[in-house]
Amino acid sequence: RYGLAEEEDQVGVVTGLAWTSVGGELLSIEALKLPGKGRMKTTGKLGDVMKESIEAASSFVRSISPEIGVKPPVFEKIDIHVHVPEGATPKDGPSAGVGMVTSIVSVLTGIPVKKDIAMTGEVTLRGNVLPIGGLKEKLLAALRGGVKTVLIPAENEKDLVDIPNNVKDGLTIIPVSHVSEVLKHALVSKPEPILWDEEAEEAARLASIASQSSNPNHPVAH
Amino acid sequence: RYGLAEEEDQVGVVTGLAWTSVGGELLSIEALKLPGKGRMKTTGKLGDVMKESIEAASSFVRSISPEIGVKPPVFEKIDIHVHVPEGATPKDGPSAGVGMVTSIVSVLTGIPVKKDIAMTGEVTLRGNVLPIGGLKEKLLAALRGGVKTVLIPAENEKDLVDIPNNVKDGLTIIPVSHVSEVLKHALVSKPEPILWDEEAEEAARLASIASQSSNPNHPVAH
Amino acid sequence: RYGLAEEEDQVGVVTGLAWTSVGGELLSIEALKLPGKGRMKTTGKLGDVMKESIEAASSFVRSISPEIGVKPPVFEKIDIHVHVPEGATPKDGPSAGVGMVTSIVSVLTGIPVKKDIAMTGEVTLRGNVLPIGGLKEKLLAALRGGVKTVLIPAENEKDLVDIPNNVKDGLTIIPVSHVSEVLKHALVSKPEPILWDEEAEEAARLASIASQSSNPNHPVAH
Amino acid sequence: RYGLAEEEDQVGVVTGLAWTSVGGELLSIEALKLPGKGRMKTTGKLGDVMKESIEAASSFVRSISPEIGVKPPVFEKIDIHVHVPEGATPKDGPSAGVGMVTSIVSVLTGIPVKKDIAMTGEVTLRGNVLPIGGLKEKLLAALRGGVKTVLIPAENEKDLVDIPNNVKDGLTIIPVSHVSEVLKHALVSKPEPILWDEEAEEAARLASIASQSSNPNHPVAH
Amino acid sequence: RYGLAEEEDQVGVVTGLAWTSVGGELLSIEALKLPGKGRMKTTGKLGDVMKESIEAASSFVRSISPEIGVKPPVFEKIDIHVHVPEGATPKDGPSAGVGMVTSIVSVLTGIPVKKDIAMTGEVTLRGNVLPIGGLKEKLLAALRGGVKTVLIPAENEKDLVDIPNNVKDGLTIIPVSHVSEVLKHALVSKPEPILWDEEAEEAARLASIASQSSNPNHPVAH
Amino acid sequence: RYGLAEEEDQVGVVTGLAWTSVGGELLSIEALKLPGKGRMKTTGKLGDVMKESIEAASSFVRSISPEIGVKPPVFEKIDIHVHVPEGATPKDGPSAGVGMVTSIVSVLTGIPVKKDIAMTGEVTLRGNVLPIGGLKEKLLAALRGGVKTVLIPAENEKDLVDIPNNVKDGLTIIPVSHVSEVLKHALVSKPEPILWDEEAEEAARLASIASQSSNPNHPVAH
């Protein structure tokens, strides 16, 4: 089953597209949220560039967290683990960036990722999508693997003229220029934004601490 | 005795299967739970891929901890040490993943692992079992070492046609596609799930702290 | 779009100028401010010299923080992430220093950077601007990329005689010898300085803590 | 004196047996217990495998600490330093494992190690003793160095047929299959086990903290 | 301007003298004091020997801090960043030691360094000045760069016979054997020593904490 | 002056003896005690073996601290910096061990080291002195450098037959087998031992904390 599109919509699991000397391949990107203290763990024999693309993805997601309904302090209380099987295959490059963002957003919001979508694109700290290489090989791999929809960088749209028609016919190819479009297409539902006012929250938190200390069930405490 | 099936059901000790240029071999995977602060220690001349497979195994187990009866905060108060003797032999690869999961679950739950079972399979962050290489050599080593039952990845089932009949006759070979099946077969009893509601627990914890502070024997404290 | 001047004034995004064996290039420098604990993260396949130039930029900015309206303790509560796409392209050298300073100041003050300006120059811990190499190639890249104004080190002014006239005609070239001039030209508005008296602030902080502890709603606490 | 059996029973000093291309040699293993915070320090130009064998030895000892009369929280308040002179000679391999365990147990319990005993054997996380190489050279070195008794892995017993009779006559050779046997033979007295009930201890600790806070000499405190 | 004597007396900026295969050169050493927690940061493509010379300089300054009017606890609340532009030029060697000490003392005391002085000399943990190499090239660079006064190690005084007369005529060359002489010559004024009695200070600090807790403005606190 | 015996008795400064391919040399070992948190810093281009010998020296000194009048908790509140000039000369080997111990003890006790003594010898965690190489070259260097007394390992006494008579006549050579003898000969006075009962001290400390909290000048606090 590995190397094929997912069989069901899953939380935190995204299909990326890799490009190596022997062709394109599907990449399963898995994120997990664990109780913790703000650490990021990455595994799967990832090269430095891919690790940095995960760091960029993570910082971008933190910077927009109220927009996806996540209170910023949440990040201090969780660890995020991103793993890319197969563990013995070296992987590198920045083009999994949009997949990393989607995977992290899915796991933070609990909103599943559509099972028959794949994606490729470098992502900047502002969420802009930068072009990638190997478009043809990646689209072929997507088709072969049973993917229905592929998100590609808008700046790669011009390369579509070189893609065989049967590939273009077999796939819905959607050019995107910002991660917000990626999330709109890839998640089964839209995250609910929240209002976040750091100072108001801090005041509320302090009040709550004071209130707990003087717990009414323990009048003389402590 | 090393290189043979275990002599009794033990907590935290699992028989894995390694495959090197000189054939298959039994691998004893040992996990230990120690009072600590959430650290993971790995020893046994392990390569980076095997170390990452232990990290993935550990994160997976943490993500399902209520299902095996372990409260998530437990992980903050223990260290887990995974060791793979013989210490001078280099070991690598992701295929010990299912063994790592089983060993960690056994040590956390206190449920022993069946002594005459061996296993091989990469594991993802969702607990899916991915195919491995060297099936034939591994099964031969299992037979030679006195193992009765071998768990293999379901995706390797197709490779069984190449395995000599005497090997298939001498072993019970069980294909598995998820770690939950591995645990069902490998542990001597089933872990008891618990309900875990983080917010309720946190409230209880705070109440308990307040209550301890106002210890009835020390009314004017503190 | 990458490799061209920005399309709008943005907070924390600065256009730098790189010089490689194949010519000059525009470099997008992105800074992000996140809740944190004073850490600096850098990504984008940056060499050691460029990483050190970011550290120097960051220390310089901290040393002048009241002049840009930022209270020094703020730095203990945030992390700053500086990323330079494209993530797979190696980048090095100290000449992005002025861009790093500008990017960090913009993100700390919330004041956008003018969209059609580019800059190059090493920066010292006192904010002095040191000369750079590859002036011609960098100016050509700026012109090609749609940049209108380029800030260059004053010590490079003498090299302008070798620059073709069409380049000098197409760009406003401004020599600068200190970062204060860079900020004056690059930010859309001037940061508002604050007065900062560390001892007075510390006293105020302690008073505030005491006051919170004796929250009027919880007279007996604790 | 270095390279000979110890002259008196000492706490934390164990004679190991090394095997190099130029023959066997006695190895003095020294452990020291210092006030600290649970750190392990290792010195003596030790290779990675020997360092890992010390980590395994240490985890094993922690896992059985009540059996040797040591309360588990003790490990949080001490550092253990294991040093193997001579500092300029590289040392490696897992076969000092039983010596490491013995040295650490001796230093934790304060029970001296018998002066005329030497030992060799890899140790697992469960305290099982695995076979080693170079038995003949190690026994020759033991004889030469004035050692009376040598503990060897039970799985190496079969190799004794190749050992010259004068060596076997000059030494008491004791095969062991678990570290518990090693400790029985090597320590001058038996450690006194304690009962350890973590929850009961935690409750006692909290009560004690509360009690200290309300110190009777300071009724209004604090 | 870089590579010339400073134009004005500055706090924390010292002119050092480097010696490479292509001759001598002026080196600008910059120190900055930031709110922090006792960390030392060094940048400027510095080799290990130069980094260690900064550590030695820093420890020496801490060890004499009352003599320069700095209370030892100050070091726990600041970070010191030492940078040596130009950032792309590799630098190494211990001979910048006296410059490092002077730069750190200047930044801690706020006393500027005289603008037309340069210095070279290794420094020990006791502040002794050890001899350096390349005296001739360094003095030539100083003269060329507009420096008026050069501090050299007393042990290098014997090498002055080989220096051309025009160099010796153009510079005031002052041999020094201890850093105290360096500071006397290089700083525009003398640091004011303080008395420091650690135990008395600790008592005062504790009293002050107690006093803050019972802040008179908040009688019921807390 | 470097490379000669010290001119006066100094605290924390010890003359060691190095042996390189070009002969013997005097080595000045400097230790400094700084307010801190139990860290050990080492500088002077030291190889791994010499760094480990400093760690062993430090642990040995901590283990005997009451015997030299130092309360064990002191180590948690100081950092120790050991530096060996000249900073550009690589140094390695374990034979400076006794010098490291002496230097650290001197700095902790404030007792100066005799100025005309030099020493060489590896040290174990128990303070035993192990033999060294290059005795002849080291003694020649000591004589040349104006040293009067040299401490050598007792196990090197047998090598004295190969030392020229004029060297033996010009030096007082004292063989030592334990660091306690080294300290007796090298320090200008004997450290005053203290009694140290950890549990009694802990009780006293807790009482003192309670007492400070209920400061009589602040009756209602806090």
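Just so it is clear, A, B, C, D, E and F label the chains in written order, and each chain counts residues from 1 on its own.
FYI, a residue touches a chain if its C-beta (ideal position, glycine included) is under 8 Å from a C-beta of that chain, and two chains touch if they have at least 3 such contacts.
Keep in mind the model is a prediction, meaning the values are calculated, not measured.
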item: Set of chains adjacent to chain C and to chain E; value: none
item: Least hop count linking chain C to chain D through chains in contact; value: 3
item: Rigid-body rotation angle, chain D and chain A, from Cα fit (steps of 5°); value: 120
item: Label of the chain whose CA centroid is most distant from the centroid of chain D; value: C
item: Mean-CA-position distance for chain F and chain A (Å); value: 56
item: Where chain D and chain F are represented by their mean Cα positions, the distance between them in whole Å; value: 28
item: Computed distance of Cα centres, chain E from chain A, in Å; value: 49
item: Sequence positions of chain B contacting 2 or more other chains; value: 213, 221-222
item: Chain contact graph, described as a line, ring, star, complete graph or other shape; value: ring
item: Ring topology as an ordered chain list, initiated at chain E and continued via chain F; value: E, F, D, B, A, C
item: Complex contact set, residues of chain B against chain A; value: 48-49, 52-53, 55-56, 59-60, 62-63, 72-73, 75-76, 93-94, 97, 122, 124-126, 128, 130-131, 155, 177, 198, 206-207, 210-211, 213-214, 219, 221-222
item: Chain B partner contacts - residues on chain A that touch it in the complex; value: 1-2, 10, 12-13, 28, 30-32, 34-35, 41, 43-45, 81, 83, 85-88, 212-213, 215, 217-218, 220-222
